Amino acid sequence: MRRLRAYAFAFGAMLGVATGRGRRKRIVPEGPKAPAAELWVVALLLLSAVFAVGFIVVYATGHWPNRTQFEGIALGGSLAFMAAALIVIGKRLVVTEELTEDYPEQEHLREQVEVSQIVRESGSRFTRKRLMQGAAGAAASALGLAFLAPVLSLGPALDTDELRWSPWARGKRLVSEDGNPLKASEIEENTFYTAYPEHSSRNDIAAPVVIVRLSPQALKLPRARRGWAPQGILAYSKICTHAGCAIALYRKPTFPPIEPTPALVCPCHYSTFDPATGGSVLFGPAGRPLPQLPLAIDGAGHLRAAGNFSGPVGPSWWGVRKKPAIRPKGLE
Amino acid sequence: MIRRVVGFLDSRSGGAPFIRATLRYLFPDHWSFLLGEVALYAFAVLLATGIYLTFFFHPSLADTVYHGSYAPLQGQKMSEAYKSVVDISFRVKAGLLIRQTHHWAADVFMAAIVLHLMRIFFTGAFRKPRELTYVVGVLLLFTTLLEGYLGYSMVDDLLSGMGLAIGYGVALSIPFIGGNLALLIWGAPFPGDPSFESRMYIAHVLLLPALIATLIVVHLVLVASRHHTQFRRPQRGAGDRRLLGVPMFPAQVPRSLGLMLGVAALLFFLGGLIQINPIWLWGPYHVAQGTNGAQPDWYLGWLIGALRLVPSFDVTIGGYTVVPNPFWGGALFPLVVLAVLLGWPWIERRISGDRGFHNALDRPRDAPGRTAFGAALLSWVFLIFFAGSADRIYLFLGWSYEAQIWIYRGLVFVLPIVVFLITRRVCRELQQIDAVDRRREAGEAETRTAGVSASRA
Amino acid sequence: MRRARTLIAFALAALALAAVARAELPTGISRPDSERGLSQQDLGAQLYAGNCASCHGIGGRGVPDTNKLRGAGDVKGEGPPLAGVGAEAADLYLTTGFMPLQNPHQQPWRRKVEFTPKELAAITRYVASLAPGPPIPHPNATAGNVSTGFHLFTENCAGCHQAAAEGGYVPNARVPRIKADTPTQIAEAVRVGPYLMPKFSRRHLSDRQLNSIIAYIQALKKPDDAGGWGIGHIGPVPEGIVTWFIAAVALIALCVVIGERRRA
């Protein structure tokens, strides 16, 4: 009996709550039911689940051809069906009310005034404001600089001489990619070779040179470079003076009377250099000739550097022109 | 149940009033207002896929030899970084899908930001009180450019190495400080100190994403605090003072979630079906190697175009190099575009003298000067962007590269002016058509009322 | 009646002209009236005289300056001597359709080959007979190593031909996509160095290295597109096109679907 009464009480309480909720004014307006749209959503969500499971299956069953494509279709499909379900919910199932409200207040004048007042009044006990500001400024900027100072460990920022380093020097032999010294007699016309300094790092912007051979009559080198190209063999830095890409193109005419002249070209912005005239710019954006490496042929017929480059290697920087290429300190 | 959760949260955080207001935050409706959301969701995909990639990427330039399943690289010397990305592509299950989705998401993220910026610019949404939101947005665009550049640069394949060489050349070319700056960033002359790879890595996976996320949060908080802009709908009361829109909940949430999943779906479809940056075809990088027609990702295409268009000269004084060539196209050009974009709200205020608050948007024709300027700027940047692929155009269409370059060099000065004048003209004509329409409608209404009163009389 | 006759006459004349134009235009080639009774050497000599001599000179002596000699299609020629280039170069230039050129200032570019195989063999033999020269090479790609080939290709070829052999640009010329080339043509081109391409002798690139390069180019004809649609294998340009013309368009469409005007 008591139990029954308790049940009745609970039921009444529930009813009361329910009716009480019903009495509250709705915030979100009621809309018509759309059972068809609900079915669509269910179908789309189930499809999404199927595709997601499909992804797991593709992932788990290992290495078959076009695996990535099936993975993409499965995962993309699952996401796409879920997106479609949500769009149907958004457009067909939830109520879309258009409401209006005022834009927020543009300015809070009272607070503006009060903020500045608080700041001003808080400093009223300071009598030497200028001095204080100066001292605080000095401390803050000195501390800031102190925090910034360790940044210099990132690189030799104060000394830019390193930019001019080159492993080349008089007597260095030129070796091919596989390390064999290059012989002058091996160098042919109408083609190009990449060479590196013997016993030096190759992954250095100043290391690789490109070698071409022109007929000695075709050379128009500046007077100061006479003798830099024995037998017409020329060596230039393989790094473009514009933006540092490798000069990976050699253009050589098959029939010189009507075809373009021989040229070394950078494939990034197509700066084009003339090997016959000491690397001067024929076309493209480079503003500085390609640095030339003077060559000599030793008794064994091997190619050797006869000195350092005609100028610093690689892209230009402030004041680059007046400075020669140099050997790193340890190697001098 | 819901009530209990809300009660729990509210009594611990006092957040109920805030949640209550947020649920009924109003979104004005126009499809173009969703472009920013697209960018946001692309960023979410970038974060998710990027985190996955960090589990497998090895940011080291140490030499190693490849012995994996891709035969053409078998036995080749390469860096750990490059090898780990080849392994992500061929060895890690679902690795290639995630890697390609990440890259496509970057391309799409940038495209969405540009589209969103165009919407903001051409409708005047940047005006008071939203200049800060706009400035943060423009900063986001340029931060993400750098983020994207670092992303494909740290892979150490042939294309990324060439891209870094160009970046190094541009850094060096900055007057006064270029040499110092480049040495500071790279740690040594190009290709730099071995630690350069970890510098790029930490910048790409932590510093810049954190900065981007912070800027996005600031951007969104500012948007929400001033509420969205809207197009005028006078008949429904939507204008500068009153906002008309659908509430966040329930109307907007499923739509936004649908958009988010739709963006993710598209990115995973692209990631699975269309190959992007197949680094196994480019091969590892070495300073002495290059591939023809090296291009950056599309969002840096305008810079390679500018670098290629500048004629051959360095600014020198008495044989002393003052401004090396790459500075113009690689540094000054983007800085000018950045400065113009950042300063535009104030430039426009200067010109128009309009200092008022604006919540309602202009249609592009309503502000012929702004629209014409925006179109001119866009055409200028686009032309230079287009010039960046002149070599490919020559290869496919046979238009001489040299001739194209000279034509573009001329058009760079002519095209923006022509576009400015034409756009302004078109806007004014459209305005006149509108005015005629309005007068006719007014006249018709008048005759109608006159007819009514006449019949009454 | 009279008018009708004139009309018919005009129509016939037009047809005849069209037929002549048709007969002449597409093949810029002059052939001996009848091949009957001609030895291969004579056929080669006649075809050479008709199609090549205006630029390359009588007997392959070359035409160093513009001179009065005119050839097929009224071309006034300027061209290099061919004595000593051998069957190697002749086969390369003829089987790729590089030659004959419409005009000597044109860049040789892959075109439909107008000569019949028999004619090709005849001219090649004739050119080879002018002076001793290298024969047609017989590369063996299967003996090559793909990985070595990849490395050598990047080192020597990718600067012009692009890393995936899709072609490119060198100032004043286009660089062909070499995926359509047969192993023999690739070997010939490497050794001959057509137009602006450098030539690589056996001392520079051994036959074994050449086999490896060819093996890699053969592999590139069907590259490993593990990522899906290869979109041309030239990297960022088509990727940008996909971003804007597929992805951005799809996303704008999605925004329009989601954000179209709502009814209250």
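Points worth noting:
A, B and C label the chains in the order they appear, each numbered from 1.
Just so we're on the same page, a residue touches a chain if its C-beta (ideal position, glycine included) is under 8 Å from a C-beta of that chain, and two chains touch if they have at least 3 such contacts.
Fair warning: this is a prediction, and the values are worked out from it, not measured in the lab.
If each chain is drawn as a node and touching chains are joined, the picture has every node linked to every other.
By number of C-beta pairs in contact, A-B leads when A-B and B-C are compared. With centres defined as mean CA coordinates, chain C is found 37 Å away from chain A.
Separation between the centroids of chain A and chain B, computed from CA atoms only, is 15 Å.
Between the CA-based centres of chain B and chain C the separation comes to 41 Å, rounded to the whole angstrom. Annotation for chain C: residues 155, 158-160, 168-172, 226-228, 258, 262 touch two or more other chains.
The set of chain B residues touching two or more other chains comprises 29, 96, 100, 246, 251, 255, 258-259, 262, 266-267, 270, 272-273, 289-293, 391, 401-402.
Residue positions of chain A touching 2 or more other chains, listed in rising order: 68-69, 72, 87, 90, 96-98, 194, 246-249, 267, 270, 283-284. In the complex of the two chains, the chain C residues touching chain A come out as 64-65, 78-80, 104-105, 155, 158-160, 168-173, 193-201, 203-204, 226-228, 257-258, 262-264.
Note for the complex: chain B touches chain A at residues 24, 26, 29, 93-94, 96-97, 100-101, 129, 162, 165-166, 168-170, 172-173, 175-191, 193, 199, 225-227, 236-238, 240-247, 250-255, 257-262, 264-273, 286-294, 304, 307-314, 316, 319-322, 324-326, 329-330, 357, 359, 391, 401-402. Of all residues in chain B, those touching chain C in their complex are 29-35, 38, 70-76, 89-90, 96, 100, 104, 107-108, 111-112, 115, 158-159, 246, 251, 255, 258-259, 262-263, 266-267, 270, 272-278, 280-283, 289-293, 295-298, 301, 389, 391-392, 394-395, 398, 401-402. Across the interface of their complex, chain B is touched by residues 28, 59, 62, 67-73, 75-80, 82-87, 89-91, 93-104, 106, 151-152, 154-158, 160, 162-163, 165, 194, 196, 202-208, 238-239, 242-249, 266-271, 281, 283-288, 314-322 of chain A. Taken together, the chain C residues at the contact with chain B in this complex read 146-147, 149-151, 154-155, 158-164, 167-172, 174-175, 216, 219-220, 223-231, 233-237, 239-240, 242-244, 246-248, 250-252, 254-256, 258-262.
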